[in-house]
Structure formats: structure tokens, C-alpha cells
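Presented below is the structure to which this report refers.
Just so it is clear, A, B and C label the chains in written order, and each chain counts residues from 1 on its own.
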Amino acid sequence: MRTLVAGATAIAATLAVQPFLRATAPDFPPLSSLPSTPYSLQDAALVSCGLRTVAADLAWMQLLQYSAGGLPDMPDRPGRPYDHVKDLALRVSRLDPSFHRSYLFAAGILAWFKNVDRPDEAVEVLQEGLRRDPGQKSYAMYIAAIAYKKKGDVSKMTAILEATLDDPHTPVEIKTILANLYKSRGDFEAALRVWRAILDDNTASREWPRARLQIAEIKNLESPGRGQ
Amino acid sequence: MTAPALRFRNVGKIYRRSHLGRLTETVGLTGLDLDVEQGEVFGLLGLNGSGKTTAIKLLMGLHLPTTGDIEVLGKRVPNVDVLARIGYAPEAAYLNRSLTGREHLRLFAALSRVPAQGREAKVSGMMAQVGLAHALDKRLSEYSKGMLQRASLAQALIHDPELVVLDEPVTGLDPLAIKEVRTLILWLKGKGKTVLFSSHDISEVEKVCDRIGILSGGRLAKTMTQSQWRQKPDTLENVFAATVKRTDGVGEIRLD
Amino acid sequence: MGTIKAVFTYTFREHVRHKVWLSSALFGLVLIMGGMIVSALAAEERGRILLDLGLAANETIALISIVFLTVHLILQEIETRAVFLILTHPVVRWHYLLGRFLGTLAAVSVGLAAMGIIHWGLLHALGWGGEGSYLVAWLCSFGKVAVMGALALLLSLALTSEAAAMSFSSFFWILGHFTGEIRFVAEKSGSPLMRSVLLAFLNIAPDFAHFDYRNAWHIGTIDPHWALAATAYAVAYAGACFILSVQVFEQKEF
């Protein structure tokens, strides 16, 4: 009898705390909302074993791999470089909505990379980020920067991008875009500042060779012969 | 008059097994009525499958009787507290081999409610008593079969029980070890303990028991006192052969 | 209490001698190798990925260990008949079961802690300065391990087959991590029968989302009420499984 009472109490307690726990649980998007990719099985398998963040981390690495040279399973359509960046970024962020760098990274490529120029897709990615985490200022700022880009107001666009540099989630790609914008506009001092900031950033080591080259080149442009 | 140490009243055990919806029943014991008096050495004799181990498991609370009642030391079983007054050594040393001799006995001393104060001394003393003082800190996995049997006996005796139950204590032992077990049983008797043991070995039973019961096909076919089998040589063996019948499904060896 | 302590001690010792700690060594190897690979691939998210992979590996190894050990815990003692000797001493069956379970949980937890220390040390050596609480993540993993262990114990006793218990434990493990998806399907389902079946499943299966601080680490701060409720859930669910295990074990004959 005592065992029965103890058992019933334990089961009742289990059921009683469930609603509160469910109400306070983080709201992850369902798997069905992930964009269809050749990696759907990988995502489902990891999520079903409770490894959601690991799934997001692997998806992030695949996004990086794709951006660095493509994934054999996801060839681009002719004339559409970085064809799958939006889907791969949304995949990362729907697995882990707190993966802020994924939204910013994809938006940077889609809006500012040479020969890509698909700002609407970039805005779509950023709006999803804004919906999931309205507290992240960078999303709104990027959307505004893209709007200025579309209008052709490069000064305002660079001013906004400059303001996002303080956000620790700002991808190094955005910093290089900004540095190149400064350089193309003849603002060598600002360009040097951004490239030097990249050199000081331990997490941005993959851009260090380019940063060193650019610093030498800009110094040469400022006073020919000095940067050699 | 003191109550018997052990009392079986109309005890029966039927094993029921269900496989894929089909129920099979095997009779382990039927209508067992038996008293074992305090201070008595009682031997349960029988062939394989005759019900010896079933009777022992019932009194130790490992099985529940289908019919009847069992009383041990005046308490109806199953009863956890009465187990503190019984020492049991099974037919094989079912010990956890990852423990050392000392750890093994320390565990059973604690389980048998030996007071913590003085427990260590009791453990070392008992291991010395069963001849394993040199192997106290060796893992049981390194013990020989004979050493394991002794370790098993040690756990049965560590709490100085009133009733000692030994299931096939001499099976598989060498002649010297058999002699030692015999000496141990007689020593226990000398200390006023009640001993119940089961065996196939008629010659051993003859030497140490005050009384025996012959089980056959789950029934108690006969009981005898020492004075009855000591009248003339081979009496017990002849009575045994005449009483039991094979129930283990094995045929006789044919010599033609 | 003395019985529980005695059974706990020998169970813990048994697991240590059966080299449960090897899982920690395996973990350390996986972590260091994984860390070396990801540091080259993950760019600015190196710290995050080392953290996620480490916590996930830590928890997964602990979960595999607890399922494997608990499924064998009693069945092996029945198989080797070591349980005969224990239960022919004045031992209440639920004391024996509790001592065995807690001894196993403690052995796995020591492994979990060892793995956590290795991981935490590696993260700090690499200059990780992330926010959040490593201890909370560890405790959540411990909660999952306790619930999964109690469930595996119940399944092993009820099914009496190690293979079946292992399969069902894996099934509930996946189901427990899939509760969000099941709830989503239940809410979208047009069939009341399907919805009822799915909701019943949700209430029977353990909901590991309640311990998902690890997955939600980067999302936000901890609500102390949540921590309290998650603890209550772990204790209640593991307790319910344990009580059912006792019920099954009390009926067993050896």
C-alpha cells in the first residue's frame, strides 16, 4: 500500500511540473521547418539524440565550407554564385536560433559579395533573426545598411556597418567588406584601422594573410614605395 | 518443549512458465510436511530434480510456496529479520568475483547486521578460520574452486547463525576438503547449531546426520534416524535406491 | 541504511574495477582530436563548438554508460546467481535495488565529473571565456543520466532480457529528446485519436527537453524556478521508475 501511494505521488509530481517546464522551455523551431538539404538525415539523427547544438555547429561548418569553395552535394546553378547560402544559413539558425553569426555571415555574402548582389535574400535571413531575437541590434542595422545600399547611399551604409563592428558576432567577412569599401572610397586611414583590427582578432586568423597584404597595399597607395 | 527450528506444513511449489501464451507447469515440491528440531543435523537426500534445492530456496525466501506454510525459528517465512539468524551456503560459490576476500566478507557481515564495531576483527578471524588468511586481499577472481567454497562458507557463518543451511556442500570437492566440511558440520553441531544440508553423497550423510529425509519427485518419500541406518552396513544406500525414482528425464546406463 | 550503504559501496567498487573510467579516457581522446579538427574548420565559433561538442560528448558517453550498466545491473546478478547470496541475508529488496542503482549512478557521475573537468580545463586552456554556467549544464546532464538510469533499470526488470531492455531504453532515449517534434505533430494532427496517442506518449516518455540547458546555453539566462522544477521532475520521474522497478523485483523468484 505504501509503495502504491509513493508511486502515485511520484507520477503525480511528474505530471504536475510538466506544464511549467514546457512553458519555460526554449522554443526551438520544428525539424520540418528546416530548409530541404542533402543533410536533412544528419540533422534529424543528431536532434533525435539530443544533440541539437552539435547539429547546428556541424551545419555552421558546412556553411563555411560551402562559402569557401562549395560542397559537392550542393552545386550552384549556373550564374548564381553562393546559390545555397540562404538555405544553409537558415538551416543553422533553425537548429539553433541563437547562432547570430550565421544570420550576419549569410547576409554579408548575399548583400555585399561581388557578383552575388541578392540583397532581398539577405534581408529575408536578417528578418528571421530579428523575429527570433529582437534584442540583437545588428540585424536591424544590417537591414538598414542594405536599404541604403539599394538606394546607392554608400556613406550611410558604411556608417551603419561601422557601428556594427562592436558586436562580437560580426563576422570577419563584414569587416573585410567594410575595409574594402573604405579603400575604394579613398578613406585609407579607416581601411587600415579595420584591417589592423582584423589582425588583432585571434578568431579571424584565416583573414590575416589578406589583411597583411591589404595593409601593405594601402600603405603603398598612401605613399608609394613605403609599404614595399 | 522447544519449537522446531524448521517446520514445513503441506508445502507445495509449482513452477509456472509462460512462453508465447502457452503456460507450462512443473511440480517442484508437493505436500511437504517436515520438522527439523533445534540442534539437529538433518540431511535432505535425493536425486537431481527431486526438490532439495526448491525446499531450501523456499525456506530462504527466494521462492514463494504455492501451497502451505513454512516456519523458521518460530517465524513464518518469507521474513527478512529471520534471515539474520540463518547462514546459507549455496551449491556453488555465487560470489562477486571483482571483490577481494576481505571486501566480500565485509559486505556480508554488514548485510547480516554484524555490528560495525568489531566487524573488521570478525572478518579477519572468520577468513583465518576457513583457512583463507593468506588470501584476504586477493580478488575472488583469483581464488581456486576450493577457496571460493570456503569463502562462501565464511559468509554463511560470519554472523554466528542459529540455523545453517548448506546446499550440496561437498559436491565437487576433493577428499580432503570433504573431510573438512564434515568436521565443520560436526563442530557446528557441537556448538548447538541446527544444520540442514542437502546432498547426493550418501556416505557423507551417514557420517554426520542425526536424521535424513529422502525426497523423490517433489515428495518426501521417507525419513530415517541415525539409529535406523546404523543397524547394518549399507542400509541407507539400499533404502535410498529402493525409494527414489528418476525424475530428471535421464535413462539408466545400459551395459549390454 | 546500513544495507543500502553496503550494497552501494560494493556496486561502486565493482564498476570502478570494471573500468568504467575508460569512458573518460575515451572522452578525453575524442575531445582533443575533435577540438583539433574543429579549431581549423569553425572559424570564429571555435570556442562555441568546442563547448557544444564537449558537453554533448560528455553527456552522450554518460548516457550510454548508464544504460549499459543499469540494464546489466540486476540481470547479470541474477544470471551469475550472486543475487541469491545477497537476498538470503536480511536485506529488504528495495534496499538492495536502491544501493545497486545509487552505486551505479555514483560511478557514472564520477566519470561525468572527470570528463567535465577535462573539458572545462581544455576550454580554459584555449582561452574560452563564454557566458553561462558550466555547472548548470553538468547538473542537467546528471539529471538526464539519473532519469535514463532509472528507466533502464525498470525496463531491464520488466523485460528480463538485456537486448530488449537496451533496445527499449534507446527508443525512450530518442523519444525523450524528440518531445518537441512529437508535440508539434500532435498539435498539427487533425485526428483526435492520433493526438491523444501522441500526448499520452509525451506523458509516459521522459522529457529530456526539461534538462536541455546544454542546447539552450546560447539562448539566455537561467530561471531559478525552472531549475527547481527540473530537479523536481528528475526526482519524481526517476522515483516513479524506481518504485515500479521495486514492484517488479518484489514479485521475482530466484
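Rule of thumb we're sticking to: a contact is a pair of C-beta atoms (placed from the backbone, for glycine too) under 8 Å apart; a residue touches a chain by one contact, two chains touch by 3 or more.
All values reported here derive from a predicted model rather than from experimental measurement.
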Touching both subunit A and subunit B (chains): C
Chain nearest the overall Cα centroid: C
Chain pair showing more contacts of the two, B-C and A-C: A-C
Computed distance of Cα centres, subunit B from subunit A, in Å: 74
Between subunit C and subunit B, distance of the C-alpha-averaged centres to the nearest whole Å: 41
Gap in Å, rounded to a whole number, between the CA centres of subunit C and subunit A: 33
In the complex, subunit C residues that touch subunit B: 2-3, 5-7, 9-10, 13-14, 17-18, 80-82, 84-92, 253-254
Interface residues, subunit A side, partner subunit C - complex: 3, 6-7, 10-11, 13-15, 17-18, 20-22, 24-26, 28, 30-32, 47-54, 56-57, 60-61, 64-65, 96-99, 101, 171-172, 202-204, 206
Touch list for subunit C against partner subunit A, complex: 38, 41-46, 48-49, 52-53, 55-56, 59-60, 127, 144, 173-174, 176-178, 180-181, 183-184, 203, 207-210, 212, 214-220, 223, 225-226, 229-230, 232-233, 235-237, 239-240, 243-244, 246-247
Complex interface listing, subunit B residues touching subunit C: 57, 60-64, 80-84, 86, 88, 90, 92, 94-96, 98-99, 103, 107-108, 110-113, 116, 152, 155
